[in-house]
Amino acid sequence: MTSIGDTIAYRPSTGRRGAILQRQGVVVALLLLILFGAVRYDDFLGLYNVMSVLRYNAMFALVALGMAFVIMTGGIDLSVGATAALASVVSASLSDVGLTAGLAAGVAAGLAIGLLNGLVIAWARLPPFVTTLATMLAARGIALLVAGNQSVSVSWDTSFTDLGGGDFLGFPIPAWIAVAAYVLGAVLLNLTGFGRAVLAIGDNEEAARLMGLPVQRVKLAVYVLTGALAGLAGVILASQFGAGQPTEGQGWELFAIAAVVVGGTLLTGGMGSVGFTLAGTLLLGLIFNILNFENGKGDFTLSAYWQSVIRGAFLLLVVLLQNRLARRPS
Amino acid sequence: DDLPKLAEKPTYKVGFAQTESNNPWRLAQTQSMKDEAAKRGWQLVYTDANSSAAKQVADVDSMIAQHVDVIFLSPREEKPLIPAVMKAKKAGIPLFLIDRSVDANLAKPGRDYVSFIGSDFVEEGRRAGEWLIKATNGNAKIIELQGTSGSSPANDRKKGFMEAIAKTPGMQIVASQDGDFTRDKGRQVMETLLQAHPEATAVFAHNDEMVLGAITALEAAGRHPGKDITLVSIDGEKDGLQAIVDGKLGATVECNPRFGPGAFQAAADYAGGKKIPPIVVNKDHFYDKSNASESLAGSY
Amino acid sequence: MTDDLLLSMSGISKRYSGVPALEEASLTVARGEVLALIGQNGAGKSTLIKILTGAVARDRGTVQFDGRPAAFRTPQEAQAAGIATIYQEINLVPLRSVAENIFLGREPRRWGLIDWRRMHAEAEALLAQFDVVVDVRQPLSRLNTATRQMVAIARALDQQARLVVMDEPTSSLDDREVAVLFDVIRQLKQRGIGVIFVSHRLDELYAVCDRVTVMRDGRTVADQPMASIGKLELVASMLGRSLEEVKRFGATAFEEDWAPSATRVLEVEGLKSAPRVAAVDLDVREGEIVGLAGLLGSGRTETARAIFGADRAEAGTIRVAGEPTAFRSARDAIRAGIGFCSEDRKTEGIVPDMSVRDNLTLALLPQLTRHGVVDQVRQRQIVDRLIQRLGIRLASPDQKIRELSGGNQQKVLLARWLCLEPRLLILDEPTRGIDVAAKAEIQALIRELAREGLGVLMISSELEELTEGCHRVSVLRDGRSVAAFEHRAASEHAIMSAMAHGPAVGESHAGA
Amino acid sequence: MQELEIVARHRRARFVPPRWSALGGTAAALALLLVFNLIATPHFVSLQTLYINLTQVTTIVIVAVGMTMVIATGGIDLSVGSLMAIAGALAPLIFMGRLLGVGPGVLADALAFVVPLLAATALGAVNGWLIARFRIQPIVATLVLFIAGRGIAQVMTNGNLQAFHNVSFHALGLGRVAGVPVQVWLMAAVVGSATWVIGRTLYGRQLLAVGGNEAAAALAGLPVGRVKILVYAASGLLAGLAGLIVIAINSSSDANLVGLGMELDAIAAVAVGGTPLTGGRASIVGTLLGALIIQLVRYTLLSHGVPDAAALVVKAAIILAAVYLQQMRRAS
């Protein structure tokens, strides 16, 4: 996606100040949306709704976290949704052995796809967009083959389903997992050499290489990480819904890309934030919830079609809002 | 039993969790639910899962959060929707499954949800198979156009059809490919399969849309559907019946989408304390040239 | 010397898609020695360096470093072995902070995690050693080219290396910064560290270098003590010409003089364009070359961009041929007869994958087009004519421009504007990073064009180029016009002091 | 000047490879597939096989040509499938008289061709405008219409499948001229004119310059914004045309399905055809070959009864292999 230049851009269109404002844009939008929901719908901030929204969106948060890292290196990963589907199938097939086996198998499946992506992109130097487009097809195909074209039941006798359906300290376990992943992700990005290398590579890959950074290894690691996170999301998918679903996960990649961009990460790489990616995910995820509540209000019924139109318009609105904020003279 | 109760009220707030809205059948189903709600003056909370089982569970969650009285769920898949059924039960909301069911080993009608109202996909496939055996005197080289890989109607219709033809050795499937339940894909797949298997004498499509695509492909290849090749499919939509009237399609098994009246009545009866049978199988028609033209007007 | 040998490269060959870039090149550096590596554009200097550091794979040849055979496969390995490199194009990451750019890959840590506070403090201290005072938390992209170059130097020198390689570190530095750099090089020398120093400014080599290696067409053609060879001999050796041939033209090609006409093509008064241009007054007459001098970051480039309409002018008047103008885009300026050659050839000049032919006619194309279709016959004629006129050396006009040497790329860009027959040409650092021969050609060309009536506004950081080549020199400081000198009325010294101590107040060094 | 001639150093003339050699890998892959089919696929050698493949690939080629130009400017267009749906939904609404109130007839048919194309072009231009004016990343800007566009088409038709019998559209979908399907002529015309635009016209050069170095193009006075808006408009127009063809073949328009997943097919064709996703270069013929490869792979797998799931894996492998070969050729 990004061109690999080896000189300094004259003046990057978004400086750091711009990016920070952009990111604040997402928080402002998120708060406004929550406020809107709270005022308009009775049970919107009810415990049940909050918990189920968090439980459901944890999967997307994990996928978006991986996507954020990939995008920060200037890459992209279109295979995350299919990878999650594959992982859900694999982990479901092994769920009768137990949670650990299912979890390990699912994450390993994601890791394998990530490894393939990383090797092809970092060593064979194929463009990420095409590479992950291909592995998206491949992962989907493998998932369908492994699953025999239908959903694979998980075992309800082991603790496997606790991972997706259980609570810990009154808070959904998938949400705990997502929170932990984001904390680790933020530490990784901001407090380790690896994180800095990720940003440097996205900023100017050739320069990063000449500065002596292990570019290929970092890129490999980022795709592996993304694959593993998608795998984890797949395990949660299987565990939460009680089945490995080879056809699930379509469009997750675009959702994740949108969430990452809305979270203020530069699509060309080199600048990004872990925390605001979470805000971006919640922002986009809440839209579905809000639309369901709107239909429940009964003033009028929004068909699935109108929902698409509204979601598109909303995305445009948020992106334009960011644009205004980023351009506002100081 | 431990099924949630439903109090008698003049009006209810009911949820209808639709799977997707990308084919005429689903549209007709949604319309029927909406019409019935309007007729009874009940408030309908309508959600659309956009072909995602996971989202459908989240949709049911948001209905529970909104304290609906009854949930009608048209589950996208058998297994992944189990959590939705269980959550509704736990929240004390009676739930009816319509048109597709969930895994009977994990959730039972009359115990975990009130009842399943719908068609039997396996039976549909079987009826199509039986008709084809008769129409071809037990001798056919069949091209099968399957529904979307992994979807339960595709799996079940295939299963029923295979069961039906298993006992007749002359019935032979020469090619079987995914046509994605769509007219365009059905046409393209048919075009290609016809090149590779010009010897085919019959087509079994998992739905009418694909068979209509196949007819276009056959005609473009100079074949005469209905004369030198026998076609059978499932759904009974208007264009399908028209094709029967035109003599191109042999027969189609109805899969009626008009669930509204039956489903709402079941809920009303349930509130009134009537015993609801755990499985209510729709009476599906069978259309061939004997009855297609008279049914055309009332089809969807 | 042999026992002191730090690095020896021999028999190095490298081909790019079958075309040789290096053929049996060799090079040695002793401990505590500063080696000058020179050659024309495209001679293979940078390639040799990249092979040394593992940034590029060699086809053949051996490398001995510190007495042991070395085969670095990545810059990382070379760095670990004790080779620090400042590459030719500033290779830093612009969106990251200054401190990160210095410490990337070896960040100070505490408990395994980056210790930001220490990193910032150390970065500040390190830059202070180079007389650079900036906020190290800000992104590198906020700094001007010179300061970025100093950051790159600081990064390399902080690595405790045994060999420091500098590929044209001074091309964007002014004299003061060069002096600082040379001080540092002398210190390195004392500590027994070897240095490879590449530059096209031959004069400065004598100040620090012990020995010189000359490359031509991918081969090493000379290797001598610096003191034993004169400048003309160096040039002769670089070009592969006899001394007599070289003597026939001077160091710069600006010699005779002529009087410009009285008609003004450009008048600028009180130009203001945030954030760097505050109040600039300028004028250029037909047939006149006006130089624009100033320290790095004094706002010369931004002034040029504002005149050309590439940036917005907030205040002031710009008149072109007497007409007040307010260009809103480069298109407007081009229509009014102005051309602008940017200082950054690579990111703002060439379209790398396009042919020389299309690059050259990029701005002219609309005039070569009838009903939307490019008249290829006319295009060919014009391109051929200019290639000949400017002496651009290439295999074919259909070649991609990125395959050309820097000097020839620059000539193509000049040709891009000349074919429009402009009345005013703004040249921002037209000879930066260009070898002596190409530089002389370009300077002669500028002069010839001016004599034919073209007005030229030339930005340059080389005072010699300004004092010898311009009719007048206008000096900027902190975005303000602070002085103007008639031709040869002022010495380089006078201009320099105006650049540094003009009437404007405040310390201006080091950009941000 | 004369003195300077002395220092003129003539570089070794270098062999400049002809442009088509970059297509060698793609062409070889296609040839390999053909040979395989000649040997292994029954009934492969027939005019019918040729026409089936050509008609099936038509819409991908038409959309991919637009995509090639968009990618050449360094962008990407995810909205093509949705624009196909919108055009496909509009046409029957118009000739069946539900929109614009024109009764069935020649005028209605003409409008049914023109209006959807205009609408798709205009929406494409909006994409370009968002990208040029607000500097929104192309992938995000076109994601908006990717999501909303299909919704718009569905809202227009209420999601209903519109079946129709229309002579003009029937001709577009299934008619033949000189024995060759009309759509194939259309495809040839699109490929031909795009090749001409890229190779011969001012706009073609400007397109490549903007993709090759936007800052340089702007400083050379090129109308960068206009170039971008135009290219997305062109992509929209071609997507609209493809949408009309799809509904014409099927004699029905289904807003839910027309063009679904087309963006990925088109991008894959462009990539396999050797146009780099980084911009600055465009190979229309390469894209045609790339699309033909993908089509022939699909045909081969289908006629050999390979199940859909396995076909996905094979398709992935072919895409990777083809792009890898391209890369190798370029590097060597």
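Note that the chains are named A, B, C and D in the order they appear, and that numbering of residues resets to 1 at the start of each chain.
By our rule, contacts are C-beta pairs under 8 Å (C-beta built on N, C-alpha and C of every residue); 3 or more make two chains touch, one makes a residue touch a chain.
Since this is a predicted model, take the numbers as computed values, not measurements.
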Chains adjacent to chain B and to chain C under the stated definition are A, D
Comparing A-D with B-D, the busier interface by C-beta pairs is A-D
In whole angstrom, what separates the CA-based centres of chain B and chain D?
-> 35
Round to the nearest whole Å and give the separation of the Cα centres of chain A and chain D.
-> 29
Averaged over CA atoms, how far is the centre of chain C from the centre of chain D? Could you give it in whole Å?
-> 42
Flagged in chain A as touching 2+ other chains are 9-10, 144, 149, 303-305, 307
Listing for chain D: what residues touch at least two other chains?
-> 154, 158-159, 215, 307-309
Where chain B touches two or more other chains at once, by residue number = 21, 149
Chain pairs that touch, all of them, please.
-> A-B, A-C, A-D, B-D, C-D
Across the complex, what residues on chain D touch chain A?
-> 74, 76, 78, 130, 134-137, 139-141, 143-152, 154-155, 158-159, 215, 264, 267-268, 271, 276-279, 307-313, 315-317, 319-320, 323-324, 327
Complex contacts: residues of chain C adjacent to chain A | 53, 55, 74-76, 78-80, 85, 87, 89-96, 100, 104-107, 112-114, 138-142, 148, 155, 344, 346-348
Given the complex, residues on chain D that touch chain B span 41-44, 46, 48-49, 52, 56, 154, 158-161, 163, 174, 246, 249-252, 254, 256-258, 298-299, 302-305, 307-309
Residue set of chain B touching chain A in the complex reads 13, 15, 18, 20-21, 34, 43-48, 50-55, 57-59, 61-68, 77-83, 91, 103, 106, 148-152, 154-155
Footprint of chain D on chain A - complex, ascending = 1-4, 9-10, 13, 76, 120, 124-127, 129-131, 133-138, 140-145, 149, 254, 257-258, 261, 267-268, 303-313, 315-316, 319-320, 323
